[in-house]
């Protein structure tokens, strides 16, 4: 039997950057096949070559045994290939239904778009996700109005609506919560039963081991191994990907409680939030848990002045404070790291140096930019996260998604903030870097910084936080610490029966 | 994260309301405003800009801009009139003249589209450059204004067809086309191309072709506008239509289409163009001293833009 | 009791002081009719518009029911249908400053070709019938420009020893005229004469002076006070046909007489389209420069020397 | 210090870098300049003479100074563009003419009056764009009409004055090394522009805002203030150009600046600044301004019908755009 995808000797250069040097991938019919590797190893690039979005510099791709070099995504689509784009391919201004059927709109006899059919079909697709889709995900909602997780679901539906024979899911679960992932896996399994072949890219090994049949591992643009999931272990795969990983040790909440809180939030309300009170001690890492979109991000964004709270009070180091815009937050020693790097962080077209220096220049109120003194300092911070780049003067766009995110984290670490607001900061970051990041965060906490961490991955909260405040419907339903800080309690609290 | 997007009300509602307000003011200042000949003559004045603005909308919706529409109109006018005159001015020459003009318009649009869609040149400067070239060709064909248009042609244009004023018929056909296109997938594709070009490409849309089509549409509408101008002026003039470029862009924006692309539609542009025309009328009938006319015109346009945008954000 | 007429003035370009002066003089001429017992209400539309926009201006006049329309037209031919409609409503239409082809309108103004002929002749004669000449023109394709070009070409053709080296366009913009002249001086070191239109002449002369060639080159001039002053102070070798901003006032005076029911003399019309009454074209030369400068006493620098066909002079056009 | 690393570069990579360098807008603009000078000299000997080049540079300086403002506005992104710059120049010229009225002692006042008024008008542009959120293209287009209308009202009855003799000398007469003062002023402005854009937080903020305004806001930059300021500066630089233009022409008239509107944009774009904002710089614009003026004068010296000149002008623009004004390919 021929393989669904067979790619070998694939090379891809972007100018002088060698993104893929020896890509190899073999996916059997009806198989769910994981493609793993550290940030920037070439997973997305290889995927885009297969799906016709990029042209390979050299190499061979066979689809169902036949040579395939698609000139554009449309040709690939006609051959039954659909790609879930890591950075999403949605049009924010357009409705969910228009996005899902873009380019393949159902038409009526007159040649007009058949809106009724489009709506009904979209509704049917959304129903696949059931309750996990969340409120507000309706066919005529505008995609730009949806939170990231729902946009990600729309991108999944868009892939699914093409009724493809081969799908590539490039970090499709990155912002989904546990329940949504579960539904998504049901869909993948159903597709596998229909003999659809799947390439599954993720940095979450649990997910990979839960659903994938085989695993291909890439490292530095090269395919280094192919293993059968049932015959390997997570440790083995991690070793194949990156070698050894540091483990961050968690400290239980104890000494901090005595100190005066560095940040105290009293009955914050407005938007989705109501009556949220929290206090953060210096040196503490406080997690914000619960299902996706329960107001955790809104709280962090409000604290940073992106959107003002309607009611309640904030105290910073004991001082009552109002923060109306980010510049005030920066001046008061706050830092906000968003997982939505494309919209919130990247300065496209500018150099890595400028992207790194952005926050420092503002927080230190510099008038003159002295690259000579600033560059080494920033490079050191970036090195703490093992950011992979050639020259600081290269454009930010030449870095992989994960490495870009490291730059945007380093940008804020360089400001020596008092309070660090982390809004799902590890989205798209590989395991090694994630471990480095959390180790670093712990070190910062030990220096007396207060840290608020929201993550869409429960394990990140459980492994790294001293306490976790669990959100539901815009309020804190419970706080977990010490003995209650475990998967069981967290899941139970998140679903509202704490 | 929610992106800041304009409200979901039809983007043209404001242009319509402002237009109606100006109509009311004009009616107060000019009692005969609703007389059929007055309405017909006003429509004759507004029609070319309305048509060009419709075409411009599609380009803008796709995230581009077309500064060459005025020069295309001049070239089409010159080509049409020269063809008619060269063939002797009989009925057949009219048909050929119109055909030659429209073919020329579409060819101009294709040139723009190929340069911008396929060669990926920057649209604003490119269409500025092609505008210079189109003007040069017009000047080469007809070095100075002149030549007569056959009477049946302009007579029909300022007259009636089937009992309806011809200008009204043209407007109604244009509106019908706008409504037709709004229901075709093409307009959604354009919106996608303007809203997120990478996403649209990754979704399998043929970006190049869609952009070319938009420029061809824009040029075709500029061509139709030129045919109207030809009927209105009954002559060839290589310098005609120069204000159509910037005017159409103002109309498109007044009509609620986002200049960066991805939001809006041609219905709004129609009202935007009518609104711009009405401003001139109201200023005239208000009896403003001439020194103040340009100033007040500019102020009203800015006020309409500002007002529209402020209200849209409520 | 007093006669009352409503006259619409249409101007399609506001980019020069000459046009402002043109309208002001027309308004002044209208007021002067009050002494003769004629009340004239002037309605002005003046804005940057193209030919089609100006047709819109004229439509507004028609819809308002004026008695006469005086227009400084942006196109020689594009107004025929609208003028026909105006005439059908019994409205008198007069074009000024640029001739129109419409048989339903008359033209009262200077002969643009004659304007050019006069200054080209001056230049040719000043050069003694031989020498290298360059010209700097307005907007290519613009009717007034084309007529003027035809005028000087006709003159220079009569002088076999006058060689036209190059003809540039500087779009009636003074600074562009200055740049064009700079380039021409650099390219052709041996220029004796320059024929240049309107305000561009001031720019051209500035370039000539900057190149230190004001004594070697004879060039046409213009009629604004600022330039006349320089001409006088620097003793330039210049001559300028006057296109007086008073043309619109002249047209207005003719219009009123016509509205009063007078009939034109037979054979008075001439011009390119057979519908023109040409008014005299005064000339500023090195000889009469002093008098002309005296006329500008107390006027702003941008004020152009002018002339108007008075009601009495206009009466000569009528039976 | 850097020698060690520079020397170690292999000859192959030097060739590669050279080739890379040629694709740089600046290199291309300079190449275009050289080619045009050569063609001009070939067609009409004397075109590339020193004093002629100097006069062309004077004209280019006027365009280049106005284009500096346009450059800032375009760099700051958000579809930034200033179509009112021509009208600003006219207004600046009229104000300056009235204030100095041929009087050397009043030059400083004239500069101050012209730049501060146009600064304020630019501020209104900026507020319209940032606070009311009118797209810059239509905001400044509307402002252009308002200024033109304002000039018609303003110039009424007020004599529009003359340039002071020293100002005219500064622009038209050689001052140092046979070069007129304005060229030194332009050079100084170039140094300031480059310093501001590359070495100051303000320049950094302009680029950041142009690249991604949301991200710029999230690092604490005052996006609205900076964008407003950029429009105001463009106005002031327009006003300053107006003062210089009246020095060039001797007297002001109300449409004196109109001819600069589109050339400023073209100079910026062929100088390699992206109309999308966030990338580019002023050196390219300087080269772009020189190339543009050179092209225009080359065309004047060609003995051609007007349409032929226009054809070549449009064609050259498109050619320059094709060489480096291309947008990013969607498929890599």
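Worth a mention:
By letter and in written order, the chains are A, B, C and D; residue numbering begins at 1 in each of them.
Going forward, a residue touches a chain if its C-beta (ideal position, glycine included) is under 8 Å from a C-beta of that chain, and two chains touch if they have at least 3 such contacts.
Worth saying up front: this structure is predicted, and the values here are computed from it rather than measured.
Chains making contact with chain A as well as with chain B: D. Counting C-beta pairs in contact, the pair that comes out ahead of the other among B-C and A-D is B-C. Greatest Cα centroid separation from chain A: this falls to C.
Centre-to-centre, using mean CA coordinates, chain B is 31 Å away from chain D.
Chain D has its Cα centroid 43 Å from the Cα centroid of chain A. Note: centroid distance chain A to chain C, computed from Cα atoms, is 71 Å. Across the assembly, chain B contributes 139, 143, 198, 201, 291, 293-294, 297 as residues in contact with two or more other chains.
Annotation for chain A: residues touching 2 or more other chains are 53, 72, 338, 343-344.
In chain C, the residues touching two or more other chains are 14, 20, 48, 140-141. Chain pairs that touch one another are A-B, A-D, B-C, B-D, C-D. Considering their complex, residues 14-17, 20, 48, 140-141, 165-169, 171, 173-176, 178-180, 182-184, 186-189, 199, 202-203, 206, 210, 226, 230, 300-302 of chain C touch chain D.
Residues 1-3, 5, 8, 183-185, 188-189, 191-192, 195-196, 198-206, 262-263 of chain B are the ones touching chain A in the complex. Chain B contributes residues 115, 119-122, 124-126, 128-133, 135-137, 139-140, 143, 197-198, 201, 207, 246, 249-250, 253, 258-260, 291-299, 301-302, 305-306, 309-310, 313 to its touches with chain D in the complex.
Residues 9, 11, 14, 20, 23, 43-53, 55-57, 59-60, 62-64, 75-82, 85, 101, 139-143, 146 of chain C are the ones that touch chain B when the two sit in their complex. Those residues of chain D lying in contact with chain C across their complex are 44, 46-47, 49, 51-52, 55-56, 59, 145, 148-149, 152, 155-162, 172-173, 245, 248-251, 253-256, 258-259, 296-297, 300-301, 303, 305-307, 309.
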